[in-house]
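Alright, structures below, take your time with them.
Both complexes below contain subunit A, partnered by subunit B and then by subunit C.
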Partner chain A sequence: MRHVLIIALFAALSGLAHAADPEFALTIRDHRFEPSELRVPANKKVKIVIENQDATAEEFDSHALNREKVIPPKAKAPLFIGPLKPGRYPFVGEFNEKTAKGVIIAE
Partner chain B sequence: MELITIRVSLVAALAIPTVAAAAGPSDYVFLPGVTYGEREIDFKMGSWKHPTDGNLSAASIGFGYGVTQRWFTEIYRKYEHAGGEGTRFDAWEWENKFQLTEPGQYPVDVGFIVEVERPQDHSEGYETVLGPLFQTEFGKVQLNANLLFARRFRASTEQHTELGYQWQAKYRLMPEFEVGAQAFGEVGNVSHWDPSNQQSHRIGPAVFGKVALGGRQAVRYNAAWLVGATDNSPHHTFRAQVEYEF
Partner chain C sequence: MFGSAIIVFRETFEAAILIGIIAAATRSIAGRGLFIGAGIAAGLAGACLVAALTSTIAAMFEGVGQEAFNAAILALAVVLLAWHNIWMSMHGAELAAGAKQVGLEVKQGRRELSAILLLIALAVLREGSESALFVYGMMSGANLSVATAIYGTLLGIAAGAAVGFLLYLGMLKIPMRWFFSVTSTLILLLAAGMAARMAHFLVQADLLPSLKSPLWDVSAIVPMTSPLGILLHALVGYEAAPAGLEVLFYIATLAVIVAGMFLVQRSPSVAHTR
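For the complex of A and B:
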């Protein structure tokens, strides 16, 4: 019985360890973020995969999210945020701030 | 968990007795994150009044670069000004920081610091500082805590590995101005701590911020006013760091 409980415990913990965070895609193209508004669930950790399709690097920068991440050209990079309270969290592409801007809406 | 393997030789090196390493007034709190491709000119300074060593000011100027997504390296020159003496060149220092986890992926972000210092006074040997760096956040509050193991090699006197710590708490009010507190401490020999009244502990309020200048340029700063918490702690320390990122 003890062995069954231990196996069940490990199975449960393994499930927790491998529970995937909700995943979203964000694309950088022509120095713009697509989509410029990204809706994510509130109160949950979220994984955003940022794909930079431009020929130059871009830096995802958000004080609201407390994240700075440089994405090399023609590359992808993961970004983990949250859990976020419901609200709007603006971000910019620091290398092209005039055009690269967006907001994450947690709801 | 994706981790960078730290060379076993670095850990093994901690077992060799060496000259005790000293903290300084321009010490700053390490953060575990790395920004790939970031270049910075880093200026640090500090000044304290020590109960036995008197007044001491220190400053450093360095250049740093985010070599990869997980590795930041910086080289800087350090200067000292002891009470009654002129400013003198103190040491070269090479700092390497490794981001071990993706920010926010786990409850705590983890990094690792490796520093090597070569003092102008060669009798002091080489000083190495190693240690894990931790960061977590709760809403707008960010917490950092680091353990530092310091020791000297090839010094004229036999010493030991010393243990120190740093922590920092800040409320991210706005990009240009954040408020919080910092603390630094040294407890002595890692395997045989000094009596508490001989340890050094400093704590006090701090401010932080980043001013974007456009393009890839920004100025980042943090400063703290620390008071000593033990008889062997500097009475007052003012420390500051300004980084120009480009």
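For the complex of A and C:
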């Protein structure tokens, strides 16, 4: 067990050293996501940098992606997803579910 | 108002389940009510503090501070749950037999209760900080009055607490001869679920590799959004599509705690004190 963890740790560290995951930007403004449709490559780990331009916090929430992350007001934070199978992965801003909606399309 | 109540309920629910199980499991330790209450109070204060510091925490570790923070809290909670279960397997039988009046026991009971206090504070802090943040955002938004936000929040907390209390009452109905097996199994699975959650955050932050994500996907059978999925997630850490690392953490935690419980039960030094 310990060996597996050590190997996992080294794999993670070497991953950080290379750190060449494709990067995409997502902006929250007036409790809406821009773009509301984000196309990303399938079968690859992807880094989404979410920027919240609103004055209140928002929570990026997606059951399909199995991700939940609070983005503080006027802040930027990275979120790692995938590798994803080709398909549509809807997400919402949990704190403003009526307006903050979007979908990530893996292709 | 109901929208805010539902969000707060979702956050309260998981902490309430943990508190309900712990309250039942420690029922024969004198003075536990005070420690549980203090744990909840400390957790609420901590939640407000964490919510106030959100921007600072989130900005740490190149933007993945939130994940690192959650993972650290979960790691500590897993250790405390493990300690609790191992402690109970050592002393549970004596407590059940009413041997708690022995001086030594009271002292050890205090240490156990301090661990419980910290555990409950951590659970409330983790689940409560998001609610605090959400409610704060709602109040500063123009579309809702402060009164509506407060009613919604209180309704959500009350509903969550009711679930925890019902679970607690239900567990007290379990016959004594099965009681320790049931509570320790529940706490074991709770701890494993939290360890898996910790792995989840480490993968989300890209601090550890996912080791295949997802390892399997049964969301078509029991979706995470279904009532059963939500309940199983809170109770045993159910994930419809877990990453390999989550499964690894889950199994490793189960194995370590079970081994610990087994060892203290068999240990000759413990047999002496009995």
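Criterion: the second predicted complex is superposed on the first by the 89 of 107 C-alpha atoms of A that agree within 3 Å, B and C clash if a C-alpha of one lies under 4 Å from a C-alpha of the other, contacts with A are read in each partner's own complex, and residues count from 1 in each chain.
Definition applied: contacts are C-beta pairs under 8 Å (C-beta built on N, C-alpha and C of every residue); 3 or more make two chains touch, one makes a residue touch a chain.
Keep in mind that what you see is a predicted model, and the values were worked out from it rather than measured.
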First (subunit B), second (subunit C), both or neither touched by A:E94: both
More subunit A residues in contact [subunit B versus subunit C]: C
Subunit B versus subunit C as contact partner of A:K76, first or second or both or neither: second
First, second, both or neither for A:I105, with subunit B first and subunit C second: neither
First (subunit B), second (subunit C), both or neither touched by A:H63: both
Shared subunit A surface residues [contacts with subunit B and with subunit C]: 45, 47, 57, 59, 63, 66-67, 69-70, 72, 77-80, 82, 94-95, 97
Residues of subunit A touching subunit B in the complex: 45, 47, 57, 59, 63, 66-70, 72, 77-82, 85, 94-95, 97
Contacting residues of subunit A [partner subunit C, same complex]: 1, 4, 8-9, 11-12, 15-16, 21, 45, 47, 55-59, 63, 66-67, 69-80, 82-83, 94-95, 97
Complex contacts: residues of subunit C adjacent to subunit A: 3, 7, 54-55, 58-59, 62-64, 66-67, 130, 133-134, 136-138, 140-141, 200, 203-211, 213-214, 219, 223-225, 239, 241, 245, 248, 252, 255
Residues of subunit B that touch subunit A when the two form their complex: 33, 35-38, 66, 69, 102-105, 137, 139, 142, 172, 174-175, 210, 212, 214-216, 218
